[in-house]
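Labels for the chains are A, B, C, D and E, by order of writing; each one numbers its residues from 1.
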Amino acid sequence: MPEFEPRIVAFVCNWCTYAGADLTGTSRIKYSPNVEVIRFPCTGRIDFMLLLKAFAEGADGIIISGCHPNDCHYTSGNFHARRRWILFRGLLDFMGIDVERVQFSWVSAAEGAKWADVVNTTVEAVRKLGPYENFRKIDRAGAV
Amino acid sequence: MDELRKKARALLEAGEVRVVIGYGGGTGDRARAIFVREPERADELIFDGRCRQNLAIYLTRREVKELGKPAIVATLPALKTVLQLAGEFQIAEGGLVVLAPGADGSLIEFKTFADIEKYLAGAASPIDPAEQAEMDRVRAMSPDERWKYWLGQISRCIKCYACRQACPMCYCPRCTVECNQPQWIPVPSHELGNLEWNVMRAMHLAGRCVDCGDCSRACPVGIPLYLLNRVLIGDIESNFHQRAGMKAEVDYALSTFHPDDRENFIR
Amino acid sequence: MSRIGVFICHCGENIGATVDCEKVAAAAAKIPGVVHSVDYKYMCSDPGQNMIKEAIREKNLTGVVVGACSPRMHEPTFRRACEEAGLNPFLCEMANIREHCSWVHEKGDPTTEKAIDLVRVIVEKVRRNKPLVPIKVPVTKTALVLGGGIAGIQAALDIANAGHKVIMVERSPSIGGHMSQLSETFPTLDCSQCILTPRMVEVARHANITLHTYSEIESIEGFIGNFKVKIRKKARSIDMKACTGCGLCSQKCPTRKIPSEFDAGLGTRPAIYVPFPQAVPNKPVIDRLNCTYYLKGKCRLCEKVCPTQAIRFDQEDEIVEADIGAVVLATGFEIKHGDFFPEYGFGKFKDVIDGMQFERLASASGPTLGEIRRPSDGKKPETVVFIACAGSRDPAKGIEYCSKICCMYTAKHAMLYRHKVHGGNAYIFYMDIRAGGKMYEEFVRRAIEEDGVKYVRGRVSRVYEREGKLIVQGADTLLGAQPVEIEADMVVLATAAVANDGAEELAQKMHVSYDAHKFFAEAHPKLKPVETNTAGIFLAGACQAPKDIPESVAQASGAASKVGALFSQDELTREPVIAVVNRSAPPLYSTCVGCFLCQAACPYQAIEREEIRTRDGKLIKTVAKVNPGLCQGCGTCVAVCRTKAIDLQGFSNEQVFAEVMALLDRSEPDAGI
Amino acid sequence: MSTDAHHDKATASLAGAILEQTGVPVDKCYQCGKCSAGCPLAADMDYPPSLILRMLQAGGPELEEKVLRSYTIWVCLTCETCYSRCPMEIDIPVMMDYLRHESLRLGMTSPRAKDIIRFHRSFLDSIKYTGRLYEVGLVVDYKARSMHLLQDVKLAPKMYFKGKLNLIPETIKGLPLIRRIFSRSSKAGGEDAR
Amino acid sequence: MKLGFYPGCSLEGSSREYNESVMAVAAGAGIELEPVPDWNCCGATAAHNMNRELGLSLPARILAKAEAAGMKEIVVPCAACYSRLKVTRHELLEDEELRRRISAIIEYDLRCEPEIINVLQFLDSRVMPAIEGRIKSPFDRRVACYYGCLLVRPHKILKFDRLEDPRSMDEIIRRIGGDPIDWAFKTECCGAGLSVSKTELVGRLSGRILEDARIRGAEAVIVACPMCHSNLDLRRGAIEKAMNRKYDMPAIFITQAVGLAMGIDPAKLGLNRHMVPVKFRERPAGKVPAGPESPAAAGEV
């Protein structure tokens, strides 16, 4: 049986983490291909429902990453996002949804190496956790 | 009760309000909401232990709004709802009369939102011991047990949206579940959709829920929705020191922030 | 039905060596709605761009996806190409298969598969893209310059000389700021007033500049290019038109013992006064807090002596309104006073003074006419101790930062003292000498080598008075921290430069952010040093951080050039990536419920209230409205909105939702849908 | 300066121990010298306070030993002038306490500080034996320890006649507990409070 | 009014006049001072210099005895004891782990309830209001108020008065009719704990204090600490040797000055116990004090 290859969706802001991931590329730092990035203007824009959708569609893990505090391109979008994640994470945890599979991080435009590290450690952590069976098994046909 | 009836009659007679939203006797031992528009019907108003429904829900209903300026018989959660609705610009100072009957038959009439704020600042919000026990039980479970618990609850959900209907803060004329571009919540009732609906409902009430408990009581299959609300209420209080329904101005946990908010979960 | 073209770039070997580009193009071709899919060596080259243009024309494309490098690199290139081919540029998006794929992964199937994923995601996004039109906002070509110090003067003159109107507002009765108080300036020792006053006069005379002194900002609203400002002109009690500035009133005023602000408290002035002889405007003001008439109801001596009947005791504050397009904040700084240095006896011993007071002592126009005489008894001090870092770099006193200007002016003070008092001893207690600037280090060396100023490296612990002398207890850390005690006749503290009082209030009024010390915050510490986070509001001088004259002037010119660039256009074009509140048919009108919880979340105060009314004016509902001039497109409001009534153009709910769904869906698409 | 100086902070340094044990951040010192400038006894010290901090910052066995063997740490009066004026709010007196304890523990006390330490020991002994300070006993004990037999011989009779000297020590009831406090404290480190 | 009271060792020995004057003044103001039961020595400089646990445990036991006796406030006239008690209380309140550790050592679960009050706070808030209008013989002397180190430092913990140039003692002197001088050595160190072991240093440090007071024309130095007092009084020989001149200026406890103003018999205030005789200059004509039996007019007391 081939080793489990987790699928990780990354929601990142355009100004820090997306640019940081670009720098990872220009620096030719290699990392695991299991992650795919969706670009947002700001972490403040990221709707919590998208995380649920990602799990529902088969993501095994999620990375959310934006500018460090005080570095937000829009001054405070990341602060709002941080509050949202504090609450959302608490709620998911309370419902038994595996918050270990959601990695939040601040990666600046200068932190190309950090991006590679965030991706690699998340991929490895999720690989250890295995496929997100709970969500895969959940009924979605419904009683018609 | 006499005080309340007297006051309601006087308000209607003087034309100060057009309708008194209060409790009347229902079938069996249940109280139901009644809308008293004529002074002579003021005696139908009751207030006792059966009167639990949060009547503030009617303040944002179009049908009720069209009746004219209301007076509302308010329990503690209803008072909070009034402030929260004011903070969300759904009702305005002077646009309603708030009457809070005490268990002893006394009656407080709040003239201003500020008076309600002052009153609430000193009022305790008792939590039902059985509900607290359930909360403690769920919290003590392992993540996997919690998942099974909630999957069990949610699989019984029939997406009837009674919880939404009963909630005084769910006053949006078009709920996100009715949005189909994109279709955030699947239309049919299945575990995934039910889960998404319930998470969304809880998050949309985060920082706004006044913990009246009407959603749980409305649920025909008995899902303990109050648990979800209270987890968020607790997190908001412990992390941000905010509580919904305590101020008549915007004090929304999710549209404010503090530079030093917790971030021990962020790399 | 969409007609999407997909263009996969090899970027030479950059992508091609790792990703099987042909395979990616082939996979993309199978995606429903994709009617054209090719790969090419260099998509950004002219032939590459032409391939896109031709495909748009020939296949009548409704969307373009370029799988190539980062959109941060070439999105403008490809969008321009699309526009040239007649396709709305916002229907073109890029899939980043280079920085996020080929450069960071090994060659192999997983990498190609990821590239296919990335392209598929963007195809699904583009399918939902809407043609957008850049936003145009008109520009009012008048600048408001707040503060009439050297920074404000420079900015105002530069803007005015570029042909634009300027309104300058200064809080005190005259422009000139701190620079007008200075004696001589480092590192050239030219006289401050000699170089400043011509500029002040130029401001007063300039046809493009309207000057409001003794005035403050009452309120400001609006956005870049379109601000409305209210200016409060405080009652001067003088008819400025009638007054000739003859000065008779000041000569006759019986109340004469008021500490002069201009002389930093070392001299006095009457209640009706011109702050200093070269003041602009050179007309007096009545200090109502100290005027006998206002205090006791009688006197009116100035009124009697005024040859032109210009005194107006009953004058009231006046509010002036103006439309402006840009603001330059140049409100300057203050130096720390008061009970802040108890260990140095500042405020207790008359001969312990601050740097500004020393400037006045050394100034030819000062209370001693430029002779260094100590305040207590007017004696020439034989020994003067200068203490640098008084309050600066002192976290215990709440000021961690370096005030930047003190090293240089303290060297200058010691030098001036040595020039003026021959044989006098000048000691400077310092921690570091920060003399980074053109001719600065040389200047400090001159003070030490030529003028014999004695530098002692150590901080003073205490100053106390004994028999007419000030005993300075310091230490020489270069001599093993040995205690040093100096009997001085005068002590000059280089007190910390701090934000002006009222800075916080002003920042809140202007919606600009400020740091923990109430200095205004620039938009980017390196690349946007004169912008604020509010578009159209710029910074100049020490209101942003302590600065010397050359730096303030340079920044002022920088701010002026930003204003000039803004005013060079009649309309502003902005990326249409902004939030919009939806509208729908009656009876809903909009899904917005008017809870305005988004309002607090918006970092730009871009969310306004809009009343929807019937034709006969009856209010139906109040909903949120995004001001396109203010919105910067972060989308925080979108995530806060429960009813999804606000959406972000370019990153709409539909688009990002589709991206998530497409990303994880690797199933073979059913052809032909 | 020795090759050990400016050594890696991560290794166990005295400055690191000070931070860990007392929370006093030696690294914060930027050598302004204000502590030495205000110290009433800086001139009497072998290393003024700011120099002690510098030596700790540089670190290394040689400098650290010099600090622990210094006279400074014993002549320091705990007058708190340095701490109250330190721009970095470094609690030098607390640091000095720690250095004294370490110096005692490692047997590195300065020979110049003998008298001071003898006096402290006599003082503590007095408390240990009576619960309070028995001044006559203290002075007699100190004289015996220090061999300064003639010190203050003229003063004592005067004091006696002014009624300032108790010749009989007062003993408190809780003495057994005081003894236990002494023995527990000495186990906890620093001076074995004989 | 009944208040807890911690005299400390010096007040029972070499500085008993301080104790006598505190008691006399308190009695005169109708205040009963109740000693902490079976109190022990605070450990002074020696304990914290030699051993951290001991330096905290000795004051902690005093707090424990006071707390067990239900005392809410303890008046501590000795500035050194005040400092040790106050600092210990602060440290234990700040650090729960430390509080538990020290509690174990002293065999009492200390909550640190009693507030510590220094002599100036005691005089200002309790004595002065009680004797207002009862000043029999104004203490109209030009004096230098000497606070020493430990009443005001560390300010971050004690939070008493102004750190540089404190004023509370000057204010008390003014209220009893005195004329406090503005001088530069209010809070400079006298040498304190080195009195016996490094007498020559103490001579120099205390000498600078007396010298500044002398230059500015003070008739006496007013102190609020037995250690400061013994250095300025007992160590006069060392001072004179260090400064190479004679000083006849007495050092007086603030409570003695207040007591004199209240008209209390100088002997009851222990004024006769000083090494340096408490003598004042003859008053120039026309400056006769209000009280007929002012000790000042009588020369030595």
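Observations, loosely collected:
One rule holds in what follows: contacts are C-beta pairs under 8 Å (C-beta built on N, C-alpha and C of every residue); 3 or more make two chains touch, one makes a residue touch a chain.
For clarity, every value in this text was computed on a predicted model and none was experimentally measured.
If each chain is reduced to the average of its C-alpha atoms, the one that sits nearest the average of all protein C-alpha atoms is C. Of the two interfaces, C-D and A-C, the higher number of touching C-beta pairs belongs to A-C. Comparing the centres of all chains, each the average of its CA atoms, the largest separation from subunit D belongs to B.
With centres defined as mean CA coordinates, subunit D is found 53 Å away from subunit C.
For the pair subunit A and subunit C, the distance between mean C-alpha positions equals 35 Å. Work out the mean CA point of subunit A and of subunit D, and you get 56 Å between them.
Averaged C-alpha coordinates put the centre of subunit B at 45 Å from the centre of subunit C. In subunit C, the residues touching two or more other chains are 343, 462, 601, 640, 653, 657. Contact of a single residue of subunit A with at least two other chains is seen at positions 48, 76, 80, 84. Counting partner chains per residue, subunit B shows two or more touched chains at residues 184, 254-256.
Across the assembly, chains come into contact as A-B, A-C, B-C, C-D, C-E, D-E. Those residues of subunit B lying in contact with subunit C across their complex are 88-90, 171-176, 179, 181-182, 184, 204, 250, 252, 254-256. Contact residues of subunit C toward subunit A in the complex are 70-73, 96, 98-101, 103-106, 110-111, 114, 117-118, 121, 513, 533, 577, 601, 603-604, 632-636, 638-640, 648, 650-651, 653, 656-657, 659-661, 663-665.
For subunit D in complex with subunit E, the touching residues are 40-41, 44, 74-75, 77-81, 83-84, 89, 91, 93, 97-98, 100-101, 104, 115-121, 123-124, 126-127, 131-133, 135, 139, 142, 146, 151-152, 155, 158-159, 162-166, 170, 172-174, 177-178, 180-182, 184-186, 188-191, 193.
Put simply, subunit C touches subunit D in their complex at residues 343, 389, 393-397, 431, 457-462, 473-477, 480-484. Residues 30-39, 42-43, 47-51, 81, 85-89 of subunit D are the ones touching subunit C in the complex.
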